[in-house]
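Common to both upcoming complexes is chain A, partnered first by chain B, then by chain C.
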Partner chain A sequence: MTEIFRTCPDTGLKFHRPAENLMKANAVAAVVFLLVGGVYGLLVGLTRWPAVHLLPADWFYLALTAHGLNVLIFWLIFFEIALLYFCSAALLGCRIATPKIAWAGFALMLIGALMNNYIVLTGNATVMMTSYAPMEAHPLFYLSLILFAVGALIGCFVFFGTLVVAKAEKTYEGSVSLVTFGAITAAIIAVFTIVSGAIILIPTLLWSLGFIAEIDALAYRLIWWGFGHSSQQINVAAHISVWYAIAAIVFGAKPMSEKVSRMAFLMYILFLQLASAHHLLADPGVSSEFKMFNTSYAMYLAVMASMVHGLTVPGSIEAAQRAKGFNSGLFEWLRRAPWGNPTFSGMFISLVGFGFLGGISGVVMGVEQINVLMHNTVYVPGHFHATVVIGTTLAFMALTYWLVPVLFRRELVMKKLASWQPYLFGIGMSGVALFLMGAGTLGVPRRHWDITFSMTGGVVHEFPAAANTLLALNGLSVILAIAGGAAFCIIIVSSLLFGRKLGNEEKLDPPIMATPPEDSDYEGIGTGAISVPGTLVLAGVFFVAFAVYYFINWKYLAETWGIG
Partner chain B sequence: MNSTLTPPKSKLWWNEPVEKSELIWISIVFVWGLVMSFMMPYWHVTGNQNLSNETYKTTPERFMSKAQSFVDEYTVRNEGPRNYPVVKPPPGGDVYMVARLWDFWPIVELEKDQTYRFHLSSMDWQHGFSLQPANINIQVLPKYEHVFTLTPNSAGEYSVICNEYCGIGHHMMIGKILVVE
Partner chain C sequence: MNDDDQTPPLMQRVLDNPFILLFLGVAFPSVLYLIWGIMEIVSVPLAN
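Now for the complex of A and B:
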């Protein structure tokens, strides 16, 4: 029994071997699907570059379907399951509940993901990730997603079970850590999400098999988005937990106040699901009251929670840096941050990109009336590449650099490339987000193979020349981002295969886990009563950008046709 | 010495005071949320762009027959590569537009600064009504007849592009709205 736990010499974390193996399996599966989805993404980006126009139409739509599913679903959820096990078993230093059932869940997810890739690749399920009824895919398509979802649900319950184990076996005292609290948030949202997915995908499967006569298009959209949008909230809760974790890993940071950060996580659970309705703002049959309620009361409270994290995450870093002596001026704490450490730079680019690009565009697009200017244009993928790729994916990449030695006990290889990787990926993906949003404001449709309309027999529309330029710039940014993504996959896979094995007692130098400052070091930091003036200034800049962009879009709206 | 990865130092963490910078930011964010919540109903009262949600259940057959009578009554000529009817309803009148795999039918001719009641539905799958370059984007669903008004504010040739993926011919799906002085 003594062998079943090991203590990590670098972090002091206690790893339960079966839990550790599950984390490894899920993390490796995640990276594999990221690689597959990334290749599809490159093909999509190059096809939408008008001068390149790489793929024929059928392959373009197929690649786009596969891209969405592999990266948005399989990469993220596999990684999140690894993260849930880490935040429970590793952070609480306990054994994982029911490892065999956890492996069954993993197997279901893997079978689902492979089956899905197979059926999409045969060309029988080119329906996009959203698979809007009554457009029909092969039954295996729906079945594969259901299997994957059941597997993920099992993962969530193993996580909850592990929390119970830790509590019962008293492996920690008081409340769980903030990071684990964030993971609990993600898991609770995941349960709601997966249940919504089951409610819509099971009847859709039966319909595709001929047992149900009809799936109502609007009902499908309403319930599907309870799944499709909420799954993005799992991502948000998970990557914000990762931000907090990295703040502790790199700086030894503690929460500015436990209460505020935890309340902000709680607000996600309470309000985010309702906000899914912002996908229906341009739909018939949904009342304005419903739309406004869901996008203001529900969505803005969730947005408020994100903005709070947007302050408290860098704020906790600033406070820790100041406590360590980087206390002069507004930004010494930030200048003296380890910008060459990919775990930090990835996390910080993720934070800034998620807020400035993804957050602002998301709220503006979620305004009932303004949505009409953006609905289903490439503005939408522009927005979510900022939230889910710069935000979630880059945060997960950043953490992975740290997990390689901690979890896999291998030394990272190609450290120089690793120190550049977050910049390459972050800048490339910021280009994707910005240029797609730009093209979207010019009306360029999403999920569209040919905006020159060469196949219509002469009925054409000419987009402004700038649209072509923006799509070309997007293509270049895709190449940059894919280079960054490929660098990540190569570094991680090579490290796992060829990285130097670290001994069981060997400590890395420099250390990869910061020592938290003493409480007394926190006394008198900052200016007067404001302990984190730099972060407050950055938050102010964010707020001004947000407000200006918000009102600019009302002005755009006022200039178009009257709509009643 | 605690961090975000360890249990809170104080067991009664919910009683600990909140940082001043957090309070300032939370207040700003809360007020901003109220401003944004106010803007949507405010625009319903004062703005000219509020998409109606008047909707009726229909069937492809029923909607097509209404669209056909609209075309029969108001067609002024046929034109374009597809030789589609150009239909010119009276100002303030109803306009029927059919979304189907893979076009928008018929061509509609409108007068600038006049308001028309659009009826929009799909014959088959989901489609997107994307009016360019005005950049007005509306979801089109089968079996739902969506009724809303549009008031063109400048003359010219406008395109209606499908921006909801609808199968292999999605990129061929286009229609026209002409606006005359």
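Now for the complex of A and C:
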């Protein structure tokens, strides 16, 4: 009889076999949908490049729909379900609750994702990811999303059930680890997200079938964004958990303050989903009080939480590195970090890109007044390519390199390419984010095949030449990023198929789990009373960049309408 | 040491209970975003 648990020789983690199989299935499905979504992304990027303008209009909107759903929903949520099972069953060393129901959830998600790809590809659901009513898609489009959401909801409740199992069977003492706590945060946001999706997608399905006369356009937008934007907040909570995990894996780092980090996650639980109101800042039917409260006052508490994580993760790495002897100057700890290890480099690029590009632009867009400068322009996809792609996707890629030997018991192949991959993908995607934000600042609209309206036969809108240049640079950056994404898929698929099988008791050399420094090693690190001076300098640079960019946008706004 | 000394602080008990957190995480955005927003939309007068 096969043992129901195995202990990983590299990490000491105890894997429940049914949980392990579920993690593998979800992770493999995630990478497949990333690959599909990435191909569509290349087509979209090359069509936005004015000199190339690859696809005809109908195919552009079809590709944009498929790109958004495959990468923003299917890739990320499949991976997050794998992550939830890992953070519960594996990190708490317990059995997974109701594995058969978990498989039913996986089957629903898979059927939903395949059905969605099919119906979009037929051209009967070219409504883009947002599918704003009264623009109508084939009923199978809504049904596919509902099936996927129900499957994901089942996954969330299997996760909560596994927490109950772990507590009842006393597989851990005290509080769950910070990484598991971050996963709890992600699962809670996921429940709100999926409930919002159900509230709006079920009536929309009935409307598409003719059982309901109409769907109010504004109510649709309000509730849909409770689903659409919050689904990206699941990503934020999940990838920050991954940052903490990688800091512990690569450096043996311990959180600077468990209490502070947990309070920051609590801020996410309470306030992060409210950012959905960003999308309604130009809508007439909701008040400024609603808009400002949700996108500013309450949201800033969640932004503060992100800044706490952005400080404590590199801070914990700096402290661990200094404790290991890299204690000279401000940045020896960073220079001596393992930049050739894709697990670390991917995580660090994710952290910097998420904070500097995604975080700052997100707060700027959340201000009702200056939002009008870039509302519904390509600035918006520029912003979320920084948060979701550099931030989340790159963090998940980084963790996957570590999971290949730990979860799949295969040795990674093409290690040289793997060491370059995060840079290819990170630099390419940073270009996408920056150049789209630049073009958006010049007013280039999002979701437009014909930005000059030249095909309408009416007035042609000419953008400054710089806008075309920025879109061309975006196209080049897309190619670079896609090369990085393709490299990731090739490395992972090849490793799973052809990588050397690792024995059940075989340990990898060099080890893939750092030995944590002793508590005594932390004594006297840093400069004077400041134990992590390098991180504080980086935080200072961040705040200056934040303030300068914020006020530049107010200056732009002041120049929009002259007085006198 | 009596039992009271061994009881974790209230905040830790809240953070250690995923179901209280789940309630808060669904209730806050439901009230502040969904319900508030829907109330504003339904109070917009119909055009004649």
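To be clear about the criterion, the second predicted complex is superposed on the first by the 557 of 564 C-alpha atoms of A that agree within 3 Å, B and C clash if a C-alpha of one lies under 4 Å from a C-alpha of the other, contacts with A are read in each partner's own complex, and residues count from 1 in each chain.
Throughout what follows, a residue touches a chain if its C-beta (ideal position, glycine included) is under 8 Å from a C-beta of that chain, and two chains touch if they have at least 3 such contacts.
Since we're looking at a predicted model, the values are computed, not measured.
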Is A:538 in contact with chain B, with chain C, with both, or with neither (first, second, both, neither)?
neither
One more residue to check, A:192. First (chain B), second (chain C), both or neither?
second
Which partner does A:363 contact after superposing on A: first (chain B), second (chain C), both, neither?
first
Regarding the shared-chain residue A:285, is it in contact with chain B (first), chain C (second), both, or neither?
both
Taking the superposition on A as described, I'd like to know which of chain B and chain C A:550 touches: first, second, both or neither.
first
Could you tell me if A:294 is touching chain B, chain C, both of them or neither one (first, second, both, neither)?
second
Applying the document's definition of touch, where does A:205 land relative to chain B and chain C: first, second, both, or neither?
neither
Which chain, chain B or chain C, ends up touching more residues of chain A in the combined arrangement?
B
May I ask you to decide whether A:223 touches chain B, chain C, both, or neither, giving the answer as first, second, both or neither?
second
Which chain A residues are contacted by chain C in one complex and by chain B in the other?
175-176, 216, 218, 280, 285-287
Which chain C residues qualify as touching chain A in the complex?
12, 15-16, 18-19, 21-22, 24-26, 28-30, 32-34, 36-38, 40-41, 44
Quick one: in the complex, what on chain B touches chain A?
1-9, 11, 13-14, 16-22, 24-26, 28-30, 32-33, 36-37, 39-41, 43-44, 47-53, 55, 80-82, 103, 115, 120, 124-126, 128, 130-146, 148-153, 159, 161-168, 170-172, 174-176
Would you tell me which residues of chain A are touching chain C in their complex?
160, 163, 175-176, 181, 184-185, 187-189, 191-192, 195-196, 199, 216, 218-219, 222-223, 226, 230, 262, 266, 269-271, 273-274, 276-277, 280, 285-287, 290, 293-294, 298
So in the complex, the part of chain A that touches chain B is made up of which residues?
57-58, 61, 91, 126-128, 132, 134-135, 172-179, 216-218, 221, 244-245, 247-249, 252-260, 280, 282-288, 291-292, 295-297, 300-301, 303-304, 307-308, 311-312, 315-316, 363, 367-369, 372-377, 441-443, 445-451, 453, 455-461, 463-464, 515-519, 529-533, 535-536, 539, 543, 546-547, 550, 554, 557-558, 560-564
